[in-house]
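You will see chain A twice below: alongside chain B first, and alongside chain C after that.
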Partner chain A sequence: MEQAFIIIERIVIYSVLISALYALVALGFTMIFGVGRVLNLAHGAFLMVGAYTAWFAQQYLHWDLYSAFALAVVVCTLLGVLLYHGLVRHVQRSPIVTLIATLACALIIEELIKIFFTTNTQLLAPFVSGSVEIHKTTVITNRIIAFGASWLAIILFWLFVHRTRWGKVILATAQDQDGAALVGVDVKRVYTLTWALSGALAGIAGFFFASWVKLDPFMWRDPLIISFAIVVVGGLGSLKGSIVAAYLIGLLEVLMTYSPSMRICAADFRCFEFLGSSWVGVSSLLVLIAILFLKPEGLFGRAE
Partner chain B sequence: MLTIENLNVYYAKAHVLKNITVRVSPGEFVSLIGPNGAGKTTLFRTISALKEGEGRISFNGAPLPRDPAKVVQLGVIHCPEGRHLFPEMSVKDNLLMGAFRLRNFDPASELEKVYQLFPILRERERQLARTLSGGEQQMLAIGRALMGRPELLLLDEPTLGLAPIVRKAIAEALKQINESGVTILLAEQNVPFALAHAHRVYLLETGVIVKEGTPEEFRADAHVQQVYLGGVS
Partner chain C sequence: MSLRTLKFALLGLTVIVAGAVGPFLPSKWMTTLLYAQLFAVYAMGWDILSGMTGQISFGHIFFVAVSGYTAGLLNLYLQWPIWATVPTGVVMAVLAGLLFSVPALRLRGPYFSLVTLILPLAAARLVIILADWTGGELGKFGVTPLCQDSLLNALNGVLLRLGISIDGFRLYQYCNYYFFWMLMAMVGGGLVWLSTSRIGKILEAIRENEEAVEAAGINVAKYKIFAFVVSAFIVGLGGALSVHTNEAVFFNSLLSLTTSIEMIVASVIGGMGTIVGALWGGFLVRGGEQVIKELAQLKLPIGAAGLALSFLERWATLIFFALLLVLLFFARQGLLPLLAGLFRRGRRIRGG
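And now, the complex of A and B:
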């Protein structure tokens, strides 16, 4: 019985921690869709650039972790502005072309990282090393830092959007672009600001995501899939929906890790696992498909 | 004040506005009437730089910039068909967004002016725009445009789909707005409404200005009577 309580406690703690990071990972993605109706498939690659920038600054420039973090945020902010002005602005009218173009960007970034840093996995030093005991659960301290930083970034972002003049301008543009233009908002400037913010958030998320996993040129795929699932499940463009969906998907993934797996073997003795930790990545996609069937606009989205 | 000369506008290969020439003088109330699809909305979108056009559009003697934000800065405020409100923002926030370009303004006194014109908006101040009725949304759209302190107010189909009692309230408000010194260019399919307070009227059919005159001249015109006033003189 006590063992069951310990497992439940671990599931709760781990899912609360990872979900905050997932919410941060999806934040920039949902903002770009909410304001410009653009699905930025390069979002995961932005995170990867943030992670590699911090690692490079640490490893080769011998910068301290705080400076490396700041550099990652600056580089990703500039990358967001560059991608918008260099590409998205010119193809934005066609959602299909935009999807293909941003996916191509992600693949180019992947190839460039392979060229410059090889496919070897790398490790980003944590802000704080070691672990702490929460009741009977051992938690890596850096993950608690990532949790706190994620929530801090989410709360600051929310305050910016709802309490500042430019935040309200972003909200207004997201709700009606022509309406915003007709009250004198420079819509292109709002898009630039949105892409810069999305890049900055990706830089922050990439840094903490990298401290959770390892760095390699393929690491952009998971955050992109997570962002996509969270944003569709929560409702495209809904910040509240993204946070709820992040917690739903985070909980499901941790539950899957702790669920008993079934080993099914065919007559030729080839076996596969059903459920269990190898199904972690599948769970978010299953939720995504279920939501598309049951509530296509997402949990907090509005039918357009 | 506003001078449009030989304006041509295209959607792909479709020539939707043909050699349009329109003049609006300071303090005037000018109505632009015509059937659905005549090009009224396109003309307004072109004036406010949401659509490209070929020809001359000038305001107070200078060419009107081809950037919507700069057009608003000059005091040309467009209250569009379909209202284009911010549905998830409160009535008050929608109104304050209308004053986005203004510097050194007192929000309370500007809001008060709008609330005096449309008292229902004061009662709905905290409600989200999407929860308002059609008539209240239209009042909010006009109120938001007024918050930008317009010199010239472009009103596109403000009575579309509204009940007669709401139309009457809006007509009364437009009269007051014009009397306060704001020049109005109104696009309307509802011809009796458009003629009621206008000083001059243009008739736009299939992208061409086919008639210009006073409301009295329009009421006396056989074609206008037959097509737009249901044969009633």
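And now, the complex of A and C:
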């Protein structure tokens, strides 16, 4: 009985921690879609650029972590603006072309990282090393920091959107682009701002995502899938829905890790594991596919 | 000349050229063109669904994987012969297409594309989980070859009677090459016919304005499902046969996201929805990759040590994706429509 409580406690703590990071990962993606109706398939690649920038500054320029982190955020912000002005602005009218173009960008970034940093796995040093004990659960300290930073970023973002003038302009543009333009909003500037913000959020998320997991040229795929899953479950473009969805998906992934797995073997001793930690990524993909088919407008979302 | 005649003429020309150059190809290029033909089949299969109806699939490699892994694993573990594995693989791909198409009809535009992107990623995870059977990312060797010894011996006998003697390896290569040549010709012919038939016109109309087609009393869902099934059939056929040519199930050839996107690149280069354009695009992509590899081994006589082009090899994939971006910007219509436009203009000038 005692044992069961410890496991439940552990699942709760771990899923609460990772879900905050997932919400942060999806935040920039949701915003770009909510405001401009653009699905940015390069979002995961943004995170990867942030992670590699921080790693590069640390490893080769011997910067301290805080400067490396700041550099990652700045580089990603610039990348967001660059992608918008260099590419998305010109193809935005056709959603399909936008999808192909942003996916091509993600793959180009993957290739560039393969060329310059090889396909080897790299590790990003955490802000704080070591671990702490919460009740009877051991938690890596850096993950608590990532949790705090994620929530801080989410709250600051919310305050910016709802409490400042520019935030309200963004909201207005999201609601009705033509209406906003009519009352004198410079829609292009609003888009530039949202892409910059999305880049910055991706930079922060990328840094923590990398220090949570690892760096390699394929790391952009998981955050992108997580973002999809979250915005689809939460309804595309809804912030509250995204956070709830992030917690659902985080919980599901952690549950997968701790679920009793079944090892199924054939007569010739070839085996595979049914459920368990190797199914972590699969479960969210399958949930995503199921929801898209059953309820295309998302669990909490508005119908498009 | 009607559009159909023009397309058949262009297709025929391409097939004849591909067949005629065969005997003159060095071994390396023969392999390249063999895979170019396979890839052209994939690209045409993609084009009949995505190019024609405008529902862009990012994950057609999923159907290659379903069919390829089915055929390969049945052959490896149950020793099924080729005439059983390939049809079973294709049937599985068609079933997957059918299963997927019915709910996918509810999804429009970008949402549809999103789901297609997710399918191969999910499949890749499953292949890794089942690594004991599939060999995971490394793959598994030992699949029955497409050109078995008995067939090669028979071919050799025929050739000897004609007074031609070829060494064993070359014969094996020829056998594979012309097998896929025939596949490409048949698939190309069938799809050009289909795309210029009444069905093709309806598919194109769906791309331009789905509501209008619906309003004309045509069952859009039926045609979309049909396009889906044809597309999965063709891509699946290529996938199942490729497993037997490679004599192995390779993760990288059956489930690579890059190949999936390259199908889009090929079709965009050649002209989406034109079939023949996708075929050309397939050759340009695979041929271009080989050209880049060849260039990478050259040294230009510039400077003291000569400018080594070896960096090109690593940049090949990147160059293609960059090219895709450029095309999306400047030549979204692609090669074939461009040529057809020139042709029409020329005729107009001559005809006054």
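In this text, the second predicted complex is superposed on the first by the 296 of 304 C-alpha atoms of A that agree within 3 Å, B and C clash if a C-alpha of one lies under 4 Å from a C-alpha of the other, contacts with A are read in each partner's own complex, and residues count from 1 in each chain.
Criterion: contacts are C-beta pairs under 8 Å (C-beta built on N, C-alpha and C of every residue); 3 or more make two chains touch, one makes a residue touch a chain.
What you see is a predicted model; the values in this text were computed from it and never measured.
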Using the superposition on chain A, decide if chain B and chain C clash or fit. fit
Answer with first, second, both or neither: which of chain B and chain C does A:Ile289 touch in the superposed model? second
So after the superposition, what angle do chain B and chain C open up at chain A's Cα centre, nearest 10 degrees? 90
After superposition on the shared chain, which partner residues are touched by A:Ala172: those of chain B (first), chain C (second), both, or neither? first
In the overlaid three-chain picture, which partner chain does A:Glu273 touch, first (chain B) or second (chain C), both, or neither? second
Just to be sure I read the superposition right, which of the two partners does A:Met1 touch: chain B = first, chain C = second, or both, or neither? neither
Give the label of whichever partner, chain B or chain C, reaches more residues of chain A. C
Based on the superposed arrangement, let me know which partner A:Leu107 touches: chain B (first), chain C (second), both, or neither? second
Just to confirm the value: shortest Cα separation between chain B and chain C in the superposed three-chain model, in whole Å. 14
Check: chain A residues flagged as touching chain B and also chain C none
Complex contact set, residues of chain C against chain A: 54, 56, 58, 103-104, 106-107, 109-111, 113-115, 117-119, 121-122, 125-126, 128-133, 258, 261, 264, 268, 314-315, 317-318, 321-322, 324-325, 328-329, 332
How about chain A: which of its residues touch chain C in the complex? 39, 41, 87, 90-91, 95-97, 99-101, 103-105, 107-108, 111-112, 114-115, 221, 225, 228, 232, 270-273, 278-279, 281-282, 285-286, 288-289, 292-293, 296
Complex contacts: residues of chain B adjacent to chain A: 48, 50, 67-69, 72-73, 77-80, 83-89, 93, 97-98, 100-101, 144, 148
Could you please specify the touching residues of chain A with respect to chain B in the complex? 168-169, 171-172, 175-176, 178-187
